[in-house]
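Some structures are shown below for you to check.
In what comes next, chain A is part of two complexes: it sits with chain B in the first one and with chain C in the second one.
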Partner chain A sequence: MTTVIETKSLSKWYGNVLGLSDVSLEIEAGITGLLGPNGAGKSTFMKLITGQMKPNIGGVTVRGEEVWNNFRLFRKIGFCPEQDAFYEDVTGWEFLTGLLRLYGFRPAEVTGRAARALEIVELTADKDRKIRSYSRGMRQRVKFAQSVAHDPDIIILDEPLSGLDPLGKRRLIRLVKDFQSEGKTIIVSSHVLPEIEAMTSRIIMIHQGKILAQGDIHGIRDLIERYPHMISVRCADARAVAARFVQDPSILKMSFGPDARSLVVETHNRDAFFSRLQSVVLETGIEVEEISSPDDNLQAVFDYLVVR
Partner chain B sequence: MKPKANADFPSFGMSFRKVFAFFFFLGRKTGKARVFFLLGLIPIAIAVMVRIVMAGRSGDVVAVFNEILIVFFVTFDIVILSLFYGTSIVAEETEGRTLPYLTTRPLSKTGIFLGKYAAYVSLMFLMVTASLFVSFFIMNGHRFRDPMLYLTFLRYAAALGLGILAYTAFFAFLGTFLKRAILIGLIFGFGWENVIQYFPGSTQKFSLVHYMKSLMPRRASGGPFSILLFRLEPTAPAVAMVMLVLIAAVFLALACWLFRMKEYLFEE
Partner chain C sequence: MATVREKGYYHWEGRLTESRFPWWPITRTGILLAFKKRGFRFLFAGAFLPAVVFLAGIYISERLEDFKFMVRGSERLININPAYFKTYLANDGILFLMIMVLVLGCAGLISDDLKHNSLQIYFSRPLRKQDYLLGKMAVVFFFILIVTLIPGLLLFVFKLVFAGSFKFFLDYPWLILSVIGYSLILTLFFAFYTLLLSSLSKNTRYVMILLFMIYIFSDILYGILNGIFRTPLMALFSIKANLQQVAAFVFAEKLPHAVPVFWSFLVLAAVCGLSALVLHRKIRGVEVIR
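What follows is the complex of A and B.
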């Protein structure tokens, strides 16, 4: 396979703070997951490969061309930023068509592409509402839509699943996989392992600005399984769910969140927990609003890897 | 493979046009545009009141109020408009964290900056000339048949337009590298400019407002009511025009260079 994105000794500092250190990577077509705790350097890496920042040392090339101040490359690249930021006074439709016009598409093409992008993120019905009135999930989806509306070969998604409900996450994961099957190169970042795992087995682990490991997720997961994993389940009756897990040998520790609507468990065996949770939900009919993995556990794994 | 050294140029025109259209549309939708539109109603309201209260008074009194209106435009309206729009060209993108939507498109950074600048200057010019047109012709309704009236209006509009061009370029330059550009801009616009313009000799030439005032039509009589031209030692209109264009060009060139070179980091 040919290399699409290549970084050589890529390093970036913010004053005295290290953002990224000596990162040399070759990224090929398909989905590559960038996994690391908050502040690990994921966004710095993404900003460097999208030309928003200039490296202090080293360089980035996309399809053999340097990125910094090479704006022509962006016809092929779609970027979904992490931050929840928009031109708030416009509607979803105006936002998308406005950004598409910046590519120089003809008006009919702009309309067609915007309509298609809104359709795939299921926002067609809400396209004429102002963005400021959108829910967090809708905002996340319109942000994703703007990154794919111009049909780029390379899609860079910075924490695209944050703020989405479980159903929204599943839909977006499916979409990302669809784009992969079209032969596109997708880089997706997250601090939540199961999210990355659901999209790809090819991951890059980043911590304190350095690449800790890269390759197939399964080897890395074995390592992670040695450490207790923290999972938060938000639902209508967290106590009822907790009662079902009291005798479960895979659970090391359980606690309730501040609003008593979320249950936080620590387990060595995530798969066993999720399998059991599925049964509990089916048996009790309790509606699960959100399942997430708080950062701390991943941080511990990364700290372990650093020491190792 | 390195990008060509002057890779900006072939599609600069396209970037400029697209960004101009985008922000000319977006600029009209913001709350800021509504506030400044309302600001433009102030001189209209003053003109209506003056016409009602001064009905039947001498032309000199009306002329004085004409000058008061122009003072409002020259020393307040266009300064505040240019300050808020000029500094926001970059600042609103960094503070609102929307800059990646522009810088990750196939647009030259120079095109982004100048396109947005041109869109905002056009919006401001429309706001100011609409307000000036209505208030000016309400005040001078009795002279509709005087062709000089139209020439005077055009001269005021041109002077204000050039003022917007120069002020906005200067404030846009401040906004590219200062975090608190508004504060510095306020000190410049309402401190420095307001004081320096009344200094005798060539010192007043260090203010932008001096060149705008030099372009204003002067009443033959001058007299005790000549508020606007108080202590003005005018520069020749052609020179004043060149100076305003030159100031705009220099600050725009600096701002574009900075915008191209600088990395903008967002505060979380």
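What follows is the complex of A and C.
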């Protein structure tokens, strides 16, 4: 895959506040999740890669072109900011058409694109209402619409799912995945990890302006082998299985569910545990109903990397 | 139960074109938003009243015999000459009306963008800072030129029409240039003045107060300082006095204050320069963390 966005030693600070520190990344086409708590530097990163801010050190290239001061490149980029960014007194239609005019589209194209964008976010019926009267979810949708209305190759979405109801989130996630299938490059930021997980397994974790990890969620999980893996085993006799593992040095902790049918194990060596579990099952003949890894999700990885 | 339909995205097949006037959508939005204010519409319509009065003056001046009963002893007031045009463009009333147009229609030009975080939306598009500022300035140009240049030129044309000859034009062939020149100076100054103050706060009400008060208080300050120091130089503190000084120069009339007109030009240019500096520093695509 070819690199679409590349940052080299990207650093940005505001006075004595560090926004981003020495970030070197290569982002390919498809969906990339940008994860981090509030104030981690996600928005700074997004504004740097959309050319809205000049880095103090380093640079950003989009498809090989330097993005800063290259305003023609902005045609290829769609940006959905985290905060509301519209006049309350204009209608959704006026908001979208006004912004589309900035691209120099002909009037017929402006109306066609605005209508299409409103249709995909299902705001056509409310297009003539003032934004002042829009709900939080509708505002989020119209903001998303403005970021895709000009058919950009690269879509940068800063917390796009915040404020949406579950159905709205599902629709937007589906829409983002549709864009991915068109070969577009999408960067989605969030601090709500399951939301990102629903869209992509390719993530960048950012904290205090630094990149903590980048890659596939499972790959990142492997990077943090020094932290324990949590594995849940549901079977007919959880205590019998536990007894077989008590002497295993890779096991750090074991606990039981309320019905004594589930065993939760923390281990340093997941592969060794699974290998041993197979032997135990064969030896004891205990029927295993389910094996899951409750912490093999972004929340767990994030907690390990950031909190601990 | 209704079916939930998922909608995909359809590509637009059109061609991307380069806009020759990237600032125009900004201007269009600014004008649109100003006219959404009911009070502004009323005021803006009222701003044409002086033009109607001056037009009536021109008509009466050409029909003095018919209106003798009205203008008895006041013929001097409707003597149509460059001073008449200067009076139209630089009298206290029209300048005050312009300030009110700016207060109600243009105070939010930048402050509303700051308040609504719109700059990041604008600057993530193919729009340069200069396009953005030009677009905002064009809003002020639109509102001020429409009450200065357009009526000024129409008054000139109507003078010729009512007179039925080109004598007036031949007497003052430079007058059209004066009308155009002064209207542009006035508009350029007000554009910088408005954008400077509009960029200082996210609170549009605060900007409205500033726009009004600085104009008024600069004149009051002139009055106070003139009372204390008894020197016409104090007129340089007054926005209105400087504009009227420049108007007198452009229309080849006697200067109202015994101060070289160069100084008035310099004061107005300094305000514009300060505005350009502040705008350059304030207009950024992103909020700055403090």
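Following the convention adopted for this analysis, the second predicted complex is superposed on the first by the 219 of 308 C-alpha atoms of A that agree within 3 Å, B and C clash if a C-alpha of one lies under 4 Å from a C-alpha of the other, contacts with A are read in each partner's own complex, and residues count from 1 in each chain.
The definition used in the following text is that a residue touches a chain if its C-beta (ideal position, glycine included) is under 8 Å from a C-beta of that chain, and two chains touch if they have at least 3 such contacts.
Quick caveat: nothing in here was measured; it's all calculated off a predicted structure.
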Should the superposition on chain A be reported as showing a clash between chain B and chain C, or a fit?
clash
Taking the superposition as given, does A:162 touch the first partner, chain B, the second, chain C, both, or neither?
neither
So, A:109: does it touch chain B (first), chain C (second), both, or neither?
second
One more residue to check, A:21. First (chain B), second (chain C), both or neither?
neither
Of the partners chain B and chain C, which touch A:120 in the superposed model: first, second, both, neither?
second
For A:64, using the defined touch cut-off, is the partner it touches chain B, chain C, both, or neither? Pick first, second, both or neither.
first
In this superposed model, does chain C or chain B come into contact with more residues of chain A?
C
First, second, both or neither for A:250, with chain B first and chain C second
neither
So in the superposed three-chain picture, is A:269 touching just chain B, just chain C, both, or none of them (first/second/both/neither)?
neither
Shared chain A contacts, counted only where both chain B and chain C touch the same residue:
14, 50-53, 71-72, 74-75, 77, 79, 81, 83, 85-87, 89-90, 94, 98-99, 101-104, 146
Interfacial residue positions of chain A with respect to chain B in the complex
14, 50-54, 61, 64-66, 69-75, 77, 79, 81, 83, 85-87, 89-90, 94, 98-99, 101-104, 146
Taking the touch rule as given, give the residues of chain C at its contact with chain A in the complex, in rising order.
4, 6-12, 14, 16-20, 22, 24-26, 28-29, 32-33, 36, 112, 116-118, 120-128, 284-286, 288-290
Within their complex, chain B touches chain A through residues 1-3, 7-8, 11, 14-15, 18-19, 21-22, 25-26, 29-31, 96-109, 260, 263-266
For the chain A and chain C complex, residues of the former touching the latter
14-15, 17, 19, 47, 50-53, 71-72, 74-75, 77-79, 81, 83-90, 94, 98-99, 101-106, 109, 112-113, 116, 119-120, 122, 146, 148, 151, 167, 171, 174-175, 178-179, 182
